[in-house]
């Protein structure tokens, strides 16, 4: 039954994703709290572990308000568009060598196309709310998405040149064969994509569409309850998608670090990496058990023990799968994929709590005058390096090092150029018009 | 009084669309107007052509209240003006009444006043820094700032029992002796605080986005600043090295060495730099003062009932936001005949129009933040 | 996909085709410009679905990325920017309605005649089942077989773009 | 204590009767000048005597006096590091010349003085209430302003109940 497995995967994703998004929000709040010298959510469940569930329940039973002046049907449909597109993109995302709904020949293009449709949810929602804040937020969002999609797409092209395919699966396999992740070949491409993907998901420091000090909540201003949570889910789902794309294209997808050292059970010292997931889960589980008696309330102790047990089970699954060659790549691949996605998302959070917000014109300037030219240079450079390596037999290190240097040089030049332009612009209206 | 927020999308000149100037209303309920300030902006596209501040939403008639209270009774009211820097308000009022009486607080009282006022200046600047950064989208500094401010408020609380509206000083000196361990706590705070300022600095000072958002925004030239009566850090950031603590020393400022930080260009970034440096200087003043608090009485002999001889006095101090002046007229009775407060926020806010003209709408938020207003003081 | 039963294939085809036509009609008849735009998007997506069914994946993706994700976003953007309240108040059907009816009849008759007289026109090409990796083939066609026309086309587009920018700038100055 | 120094004699020599009184109160110099000459004096003080910073502008109400208002300008000179208090006496309804042209900072201060005392400033471009609502009745900082009556009227009008005060 070839149709059944993808359907099963699809159901798993639709069911698990909201939960995952909820826990990423918790993670975000915890990371934010840590960076800001606070504790973060601590009340609902031990260390706030049940907070996402409480939040979800609250949102579900909240009254959904439809403004009287709103365009009713579009107002109702827009969040659905957003969340549908966000979920559809998962169809081509490989969580592991096995866990992928459809290995499309054009997988990457599919994901890009679908996530570019997500902007309709935002634009239509903002328009249908019939509020200035919403409309303006939607406009900014659309303009931002369209501009940064170009930069992001160009950044991805450098990985495509290296991988020679559009299929997500073969891109990962290409990295396996190349012996190193593409981030080492095209670091500039990766960083351009990192910045562009933050902008594309409307996260700080590019969160102008929902800048609360200027636009209240942007396109979500008039939404509440369930529909608001759909937007929220779409935002986090999109974050996971862009993180998944970056992971697949630049960070080696489901591959373990040092993936070319094959082998399974404790042969060489390098195989310690195969035990790594087990150690991580054991550590988390152990911490949960250690903290459990210190929780103030009986039920929190119980929850803590349950979480500890969950992680112990996961550790056992990880350990057990080491001895089952058929299951090992799938399970461990999924672990590494999710771990890399989380690391990528951590960078998102880190940026968010470190940087102030760009002004809209600065944002556009960064996109059009810095990232896009740089991405073009990068694509050109990677292409040249490929030719040097394949046709002229250069050492990969030399070829890509040269590219990197050239791209960095262009970046520095662009920065000085931009600064000079800014100085000139600042000098011009200073006289007052 | 709706909060309609109209704006054009950049890149589209409004003339193309046939629309001329747009009136944009911010506040009085808006997350980044720092209270109940309402700003009416006239826009040409994204540029501000003209602006008008509409104030008075928090007017309580403090000056009228003063005429119906005795001198001592009015003292707690001044804390409610600039509630972010209540200690400074109290200092100005107490010293003004002392001047009116012809009395002077004992040296010990003056030194303790200096320490507490400088701590208050740090606390006030911390609130400014946190909220200003938050307006520009930096989420984290506000928590760091409030963490340190909490330490200062704890010192206040231990000293006089209140954190925000402290009423720390009395006319003629101090009500309370310093508590045990006061010196050590202030010293520990000041020593630690050096690294904390560096911490804020790392987050912002050389951050490209921060510099991009603040440099060249809301420029106020020195001539304009003087003509518009601007004082405090805003004036100093325009290059005028004028600080009442140096120019006309009060309390115990003549005993300590400190610098007046200035900056050349009078933009938002310079005001940021000046205030950061001021915190460092305040810390140094505290450290000098705490080394040697003279022994002696803490209250001058002025009697229980205050009946200043008829006449008038103007006394001003360098509050965190600028020149805070009290003009008190006495008719010889126990109640002031007239109390006029010269509020720094009110006067500095008047310069907003000059700073905002020609800037982008998104900069308005930054400019409001950089003036450092407290609406309680603007509206009184 | 090639293995799907023929009935399913027909079902999908009629679904997409019907959707495309329905959306197109609604787009023309709608009074609200934004609604019209949405129906146009629906029509484009349905067409993309037909492409997908023909296993022309690359065409499908291009349709979605370019038309729906790119051009239509700009359309919607502009529509929202210039508030077109005026259009919704105007009469939608003007005096050319009879001409339109006439043309429709002529066109329909023509189509019917052709299929009736010579049925071979419309089923001359039998799409091979499951084209192998047609992205590669598109690339080969564009960059090897038809390299010159492709490059000429792109240069013309570039010229047009630069010209448009120049004209817009001059008017602004 | 009357103020008699070189500065005052210079002023008196220049402006004669326009300088009505000069005295020192608690080490602060106070100058009462003629209302009509205020504009000239303001320009003179700013340009010649370098009192370039108008610190404060306010008023005091003395209802028993014939000219009931003292309008007070607090000047400061950066160059001399000195303050000077300028006063004029104004009757109710009498216009005081605006000094916005000399010290632009006077704009809001004059509006506030108008708001609180009802003193009109001649030549002010936009003399409206600033702190109180536009429709406010009376001028609160006048000594004969009955705060309770105002409150009762307001409560009756806006809330439709008798005031609790």
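All chains are identified by letter, namely A, B, C and D, in their written order; residue positions are counted from 1 within each chain.
One rule holds in what follows: a contact is a pair of C-beta atoms (placed from the backbone, for glycine too) under 8 Å apart; a residue touches a chain by one contact, two chains touch by 3 or more.
On a predicted model such as this, the values are computed, not experimentally measured, just so you know.
Chain centres computed from CA atoms place D at the largest separation from chain C. Of the two chain pairs shown, A-C and B-D, the one joined by more C-beta contacts is B-D.
Each chain gets a centre from the mean of its Cα atoms; for chain C and chain D, those two points are 75 Å apart. Separating the centre of chain A from that of chain C, both taken as means of CA atoms, is a distance of 32 Å. Separation between the centroids of chain B and chain D, computed from CA atoms only, is 25 Å. The distance from the centre of chain A to the centre of chain B, each centre being the mean of the chain's C-alpha atoms, comes to 43 Å. Residue positions 9 of chain B are each in touch with at least two other chains. Within chain D, no positions touching two or more other chains are listed.
Shared interface positions of chain C, i.e. residues touching 2 or more other chains, are given as 81. Contact residues of chain A toward chain C in the complex are 71, 74, 104-106, 109-110, 112-114, 116-117, 119-120, 123-124, 127, 135, 138-139, 142-143, 145-146, 149, 166.
If you check the complex, the residues on chain B that touch chain A are 4-7, 9-11, 31-32, 46, 133-140, 143-144, 147, 203-204, 207, 209-210, 212-213, 215-216, 219, 357-358, 360, 362-363, 365.
Listing the residues of chain B that touch chain D in their complex gives 55-56, 59, 61, 63-64, 67, 99-100, 102, 226-230, 240, 242, 247-248, 311-314, 316, 323, 325, 327, 329, 337-338, 340, 342, 346-347, 350, 379-380. By the touch rule above, chain A contacts chain B in their complex via residues 32, 35-38, 132-133, 136, 139-140, 143, 204-205, 207, 211-216, 352-362, 364, 422, 426, 429-430, 432-433.
On the chain D side of its complex with chain B, the touching residues are 25-26, 28, 30, 52-56, 58, 60-61, 72, 74, 78, 81, 83, 85, 103-105, 107-109, 116, 129-133, 140-141, 143, 145, 147.
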